[in-house]
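Look for subunit A in each of the two complexes below; its partner is subunit B in the first and subunit C in the second.
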Partner chain A sequence: MTVGGGAGGAPSAFDPKKIRMYGLVGSVVGIYLGAILNMALNTNVFSFVGAVAAIFAVVMGANSVRRICAYGIGTGVPSIGMLALGMGIIAVMFGLSVAETLGFGLLGPIITLVYAGVFGYIIGVLANKVIKFNIPVMEEGNADLSMAGAMAILGWSFAVSGNLGYFDIVKNVLMTGYIAIIFIAGGLAILHPFNANLGPDEKQDRTLVNAIMVSGIAMIATGIAAILTQGLAAGLLQLVIGFALWFYFFKMYYKLVKRDAAAVVGTGLLPPTVQ
Partner chain B sequence: MNFDINTIVYILEILVGGLLVGIGVHFVPVGGAPAAMAQATGIGTGTVQLAAGSGLTGLLAAGLMMSVTDNLWLILASGAVGAGIMIGSTMLTGSWIYAYAVGAPFASAKVNYDPITGFSQPPYVAPGTVGQGIPTICFVSGLIGGMMGGLGGAMIYYPLYLINGNAALSAMFAIGIFLVNAVLASWNIQGTIEGFHDPKFKKWPFAFRACAIASILLALAAVLITGGA
Partner chain C sequence: MDAFSMGLIAAMGALATVAGASEDIESDVGSQSNPNSQVQLAAQVGNPHRIYNKAISGEPPANALWAATAAMVAYTLITAFQMPALFALVAGASVAALFNGVFAISAYFGRNSSQRRFNQWVYLDIVRYTTPSIMAHAWITSFCIATISYIMVYMLPIHHPFPMPIIALIWGLAVGAIGSSVGDIHYGGEREFQNRQFGCGLNTMLSGQIVRKAEAGLRNSIDNAWFCTKFGGPATGMGFGLTVFLDNWRTTVFDPVTQASLAIAMGIFFIIVEVFYNLYIEKSARRKYGPYPEYKGDIAA
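For the complex of A and B:
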């Protein structure tokens, strides 16, 4: 029952443990860095750091989608991306709200991360033990996915609101409805790379570069939202950086596609019809 | 948030809502990619998309009803009917395409006689396929599934709104709970299902157990969040 890159785990050049470490450290440090810079300098131009931090989480999530889906889950890759975002959004709301209630607003990302990891692991155990999937990487893969979804949503929410406080995020991201854009753009960034690249010739670097490329598009979207919530300077900076990231990684992705394709030929215009 | 008898009621309501979503997914005739090519019965897309579509419509219908009344039964009915209309119109317009554009006779490959109409099915199943279109039994099953999903969505949304009083927050949180339960259930189905007459339907107790555990954990997190703005 194999859909993707072959049973027994997809071959990978980068070790999943390393990607997980970079993803977690990069996203947490990035979100805190953006929040502290914004707070210390009393500005909001550093909101874009949150969107960059989300990219680290997205790469980790895309890699774990690739690891799980290589075994074939029978319901399509999008289902697992939606699960990641579903678990993520609950973890973000829970983490930020509990941190605010406890009086330590800055602890939010840590509580979010811990809840997401534990809940994702439990979902993985349920999938293996109760639903009887018997996919060896299900538990750690789901924990990774849940943490990646949570950190991506948190990073982009910070990029839109410019502040890590629970009330600010509820007011600027949830009540305005931008959370829906973050939800779908984030879901695409995590699920689309493997969905687009799967097959016997799937290569890890191509899939992950695709993830960064889609994150760039998501960053353009959060930039437009940030123009409306934080003003022109912060939003435009984010939009331009997002566009630059998308452009650079689109070219890199195209190069990788050409590397892996048997042949790239132009079809030209529509052929003239033969009468 | 202080714990009292209401908190336990909220947790139970979210649990029942999550279970309704998880079981409701099993009723929806999901065809996936084969159905999109009219080579299998059901609607030509994945479980999660259908469940999310009907559930979110139910959520919106429930939220709209909640803005004018706080009667639980009216809100639940509105959610169920909203989701039922959504899944019903999807199946109806899908049927038009299968009937008039693809030109396939509707037939189920899982039963010999349609349990509702009593019509014979095997003569109409094209060789090499597992049925086509959306036969009556699948349509009825899909309506039941959609209404269960909408009922579940409304049942999750209602206590969340009472806990934090913030419609946007409750809706997003409800979507999260909804997606987790829908994906667990769709993993249990593993691909395609025709409805309650499909042999795969007998696997529902596994999804019931998995969704129960997941919903309890989600409900415990849900009663801790505050409204914010």
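For the complex of A and C:
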């Protein structure tokens, strides 16, 4: 049963185009920054930059989920989050392996991004034209989701492996099984914000703050994973930064809840009905 | 096949039974998954309530996250620090329970504050005493599932080729799917509409008209856990326990490499037996309780 979510597009304070620009530029620049710093200084302490970069992508993805699902897709919110990461993981594997084959490992994120955008757009066209969802923002939203999913997976994979090389990612992320936590924590980071805030009085800033908060949790998870693949220092650094981000944004989220809720009470009987 | 591996399979079945039961009760304490629709609708049709609204996606992805987190932490501790397995699994389940708590609280806050126009309040006492109960059940689920994956990867004579977090992810998805389809009906169909005649199904007219008052005082989610422990939880446990036990039994008795066809045939045999058993249960229920009478207004239950 579809619940909540006012139809006809959700009102938003932040323009989706701006969020897309920040999301894409932030995530790509962040992943490159982390990779180049790690390579230039021959260290792996800057792997956490990849996890921070993934947050930009997650915010963009959460906003895109919000835009698509505001057309009355209530129970489809979890599915669309999983779809985002499903498209993303294919794009990441494709992008990294093509870059490796071409001999330019550093081209990986760009190839991933382009492939994810095209792939997501095609899925969006299929959803609208073949399955007949008839949601106006579906093509654009799916392209966004696919790119967000790909960049989030790539950012966290880099945070776990400390390197953008295809074989390193396969060895440190896939063979260890850490892809499982990246996939599911990343998926929830993209789908949970709108799902948790679903309802007629949903506010964009509250949803996006929730996205950053959940990304902080995912960063804690990748930090724990990085302890094994990169050693205690790099892993703990990531874990602590993830915890700090989570803590800060959880407090901010609680503030927004207090702002938006009808009432936040310690305890009490049933409130009077408003119809 | 030897006695040791058969014992391990039995232990996995037992762990899965516990995991299934606790998974279902965890989702019922928080009103997750499909019964959540009615909790969400209640305020919108003019019934604000004091029931937890834990909308963390569907049960399969949520439980996949808890299980994968527990397995990931345990795998890291075992591999990087050579910690004892039991300690590592307990630590992993604890991290998973903490994650669960954060997700649960943020969903309760978010969903309720998005219903401002219906005057649905956010009650902090509910967050304080219900969230630990949800986390405790999530701890049990993730501990059991991470232990099942540990047994499959490290202890069975034929080690599973997949890494531990991926197996935990798959079992987490499975337990969530089973909990969602088996146990939730008991909560969503029976408990939320306890004041209607037994077996009447959910008429569209009744959408959101859930029971908000308890035997004494206002109904809360802990009461719902008490109710669901009587049937929904154990039924889910049996469903998941049988899935894990039968599936692993056939690949332990028959070698998956040399006797693959026998293992597959045994799987098909189990499916056929279960289909017929389900058919029998459905027919016997229809025979015993008969067709539901036409709706003639509310009848005292």
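Methods note: the second predicted complex is superposed on the first by the 260 of 275 C-alpha atoms of A that agree within 3 Å, B and C clash if a C-alpha of one lies under 4 Å from a C-alpha of the other, contacts with A are read in each partner's own complex, and residues count from 1 in each chain.
Everything below uses one rule, namely that a residue touches a chain if its C-beta (ideal position, glycine included) is under 8 Å from a C-beta of that chain, and two chains touch if they have at least 3 such contacts.
Computed from a predicted structure; not experimentally measured.
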item	value
First, second, both or neither for A:113, with subunit B first and subunit C second	neither
Which of subunit B and subunit C A:239 touches, first, second, both or neither	neither
Contacts of A:265 with subunit B and subunit C, given as first, second, both or neither	second
Which superposed partner A:175 touches (first subunit B, second subunit C, both, neither)	both
Touched partner set for A:219, first subunit B, second subunit C, both or neither	neither
Which superposed partner A:82 touches (first subunit B, second subunit C, both, neither)	both
Contact breadth on subunit A, by residue count: subunit C or subunit B	C
Which superposed partner A:206 touches (first subunit B, second subunit C, both, neither)	second
First, second, both or neither for A:97, with subunit B first and subunit C second	first
Touched partner set for A:73, first subunit B, second subunit C, both or neither	first
Shared subunit A surface residues [contacts with subunit B and with subunit C]	74-75, 78, 82, 175, 177, 179, 183
Residue numbers on subunit A that touch subunit C, as the complex places them	1, 3-4, 74-75, 77-78, 81-82, 175-181, 183-185, 187-188, 191-192, 195-203, 206-207, 210, 213-214, 217, 221, 224-225, 227-228, 246, 250, 253-254, 257, 260-275
In the complex with subunit B, residue positions of subunit A that touch it	73-76, 78-80, 82-83, 85-90, 93-94, 97-98, 100-101, 115, 119, 122-123, 126-127, 130-133, 166-167, 169-171, 174-175, 177, 179, 183
Contact footprint of subunit A on subunit C as seen in their complex	34, 37, 40-41, 44, 46-50, 55-58, 61-62, 64-65, 68-69, 71-73, 75-76, 79-80, 95, 99, 102-103, 106-107, 109-125, 162-169, 207, 212, 218
Contacting residues of subunit B [partner subunit A, same complex]	1, 32, 46-49, 52, 166, 168-169, 172-173, 175-180, 182-184, 186-191, 206-207, 209-210, 213-214, 217-218, 221-222, 224-229
